[in-house]
């Protein structure tokens, strides 16, 4: 029973990071039709940014929280820069060029991370308030779980409000389904695309910053992250936040319990699921079929 | 013979003389370049000629490599047989995966090819019993008479050369023309009587076959095979080589492989940050020179001719 | 000769809907051999959808489509093409980065079922035949030019050559003069008439330019809201009240 709970909650916690990452990726793809393969690298920058901030900021009880606030903004700014200078030029191009642009970005960002932080592994200490463990039903869990399990859903709710209750959100959703029409209505579509990418990057940065105290920081951490995020986006449905959340939880729990039950399959599960969805129902569990 | 034939002859001569002229390091590097060239040429069948952007081509490279690894280590098969089996297994894998992949287009096609490759990676990574997991399979030696690097070099050159010839004939054939038509306008191709999906499937299998040859060559070259051979980063290599070299010309992937490997190997001597250089190069090409190195050169020649003509 | 054998294409109760919109709503059509039939109608009447359904681009929801008494509904476009139907598209559809000659070559190779040849060189194959086709549409001097580099009118001619490479019995042209200057229009229609005569083709075309329609078509079918409103010789159509009604306010003068 204890083991079940531990696996369940650690899977859930991981699902939260994955959700933040996938939500951003899904958003970017839903609106701009670009698969941002560099999304994992943005996540990585977020984690490293938190690390640096935790070294640079004065050591107060609020240090972690301030860093958590700033790091995603840094990544968001980076995302904006990327979109405006690079991505904008390939929107009208064939898949090959958008894929390769983001691959080039992966190399560039990887190289820059190595340049600034080197190749050794880092660990970010958890903030004092969340450092220990709590006991629930006789099992010990890292207190940090409380943060991940509340912050990510809160962000999810914020996103929902943003997209369904604000004018910007309505425009973005409209642009996702019919760019020409929105443009004809006089809306600044390029700005819409940029702000979407900035938001997506912010989410990736937040995911990275939030995950930083729980994982080891190394310059290869983006490779696994992007693949898992991509799988989650596909399974959940492109352009669906609820889908990303559902799929993130589904995938993480399957991995969590898969390791116990059938370890050989656990790594493959996420990709098998991805393939099955693409074969049978490409628009994912909660997505909508395109024309 | 024409200047093109002359260049090819000179190049061929240089390749044949290489082991006598350059030290071992460059012989090894050349083999890597040749193998990557074959891998990239096979991918370009899909990307450049048929317009199918596969991000999972490493799967067939890995299938070829692992077929060699398993046959040599588990069953003790001699080199000729293991080598012949590898591309066949790779082609079979391409047939199975390709059946599903060609039913999807654009972004979905890209992601499905990626998913299959990752499945293969996960299987080789976790199935310790069969594949040795992330320890891989080691101790794969070519037959004694070509075990020395210089000798294996000629083997690689011969095999890759033969494959390149086959691929060249293929793209110049009616089938090759049809592939290009499919790339240009799948709908129009359908309406001149081409069953597009079937042809996409066929070229997918052929591309997988030759990727398998490259994988087999690499397995003996490397002496070992690892799950990373199927990881998506491995799929990015030929894709990057193809874009650097130019997708619309047959030799583009070869040129791109040369540039990529030189960057990878030689630049690291001068700076650790070859990734920044590579990343910047890719961005430069995508944004400024989409036709790649070969396309750029041809444009330069064309401009010079025009300039000269306007002056006379 | 039985009446049936004179008909090359027959449609019985063909319909196709998109969600709630019935684009093609029970169409009966019979085209005789060597006819030059025009299908006209206001925008949204369903002409292009009808073409897509006949050529297999879209599956029909119901009804029968027979080519030479053989059922073709439900077949994929490549198969229907193989039975002798060629078409051109409203938005010119060619192979842009291939040369004009290659454009036609691929079509000819496909017709001769040689596209699965892997090892022969395609460069010189069917050279005579393809140059002949280019000559017929007046593009023989541009054989080496890339398709995408041609003017709009020349691209339409190229598309015609591609369609002819299939040695079709039935040629379906979706707005063959779209985007052309008025001078060019009569040129290409005369060309089509000449080709139809020389190759004993049946031509089915849609058009918005009434001058073109009335000067070329031998029979006209008028579509409106997915159905055939009227059918007959050009004069009959010109004086048909129902047709007048439909076109009133469309700025299309049927009286000349």
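Side notes on the structure shown:
By written order: A, B and C. Residues from 1 in each chain.
In this section, a residue touches a chain if its C-beta (ideal position, glycine included) is under 8 Å from a C-beta of that chain, and two chains touch if they have at least 3 such contacts.
This structure is a prediction, so every number in the text was calculated from the model and none was measured.
Contacts between chains trace an open chain of neighbours here, each touching only the next in line. With respect to chain B, maximal separation of chain centres occurs for C (centres as means of Cα atoms). The largest tally of C-beta contacts between two chains is found for A-B. One inter-chain figure worth recording: chain A and chain C are separated by 50 Å, centre to centre, where each centre is the mean of the chain's CA atoms. Per-chain CA centroids place chain B at a distance of 42 Å from chain C. Taking each chain's centre as the mean of its C-alpha atoms, chain A lies 32 Å from chain B.
Shared contact sites, meaning residues of chain A that touch two or more other chains, are absent. Only residues 29, 33, 35, 86, 89-90, 93-97, 99-101, 103-112, 114-115, 223, 227, 230-231, 234, 263-268, 271-272, 274-275, 278-279, 282 of chain A touch chain B when the two sit together in their complex. On chain B, the positions that touch chain C within their shared complex are 169-170, 172-178, 180-181, 184-185, 187-196, 199, 248.
Of all residues in chain C, only 55, 57, 76-78, 81-82, 86-87, 89, 93-98, 102, 105-107, 109-111, 114-123, 125, 162, 165-166 touch chain B in the complex they form.
On chain B, the positions that touch chain A within their shared complex are 47, 51, 53, 55, 100, 103-104, 106-108, 110-112, 114-116, 118-119, 122-123, 125-127, 231-233, 236, 239-240, 243, 247, 272-283, 285-287, 290.
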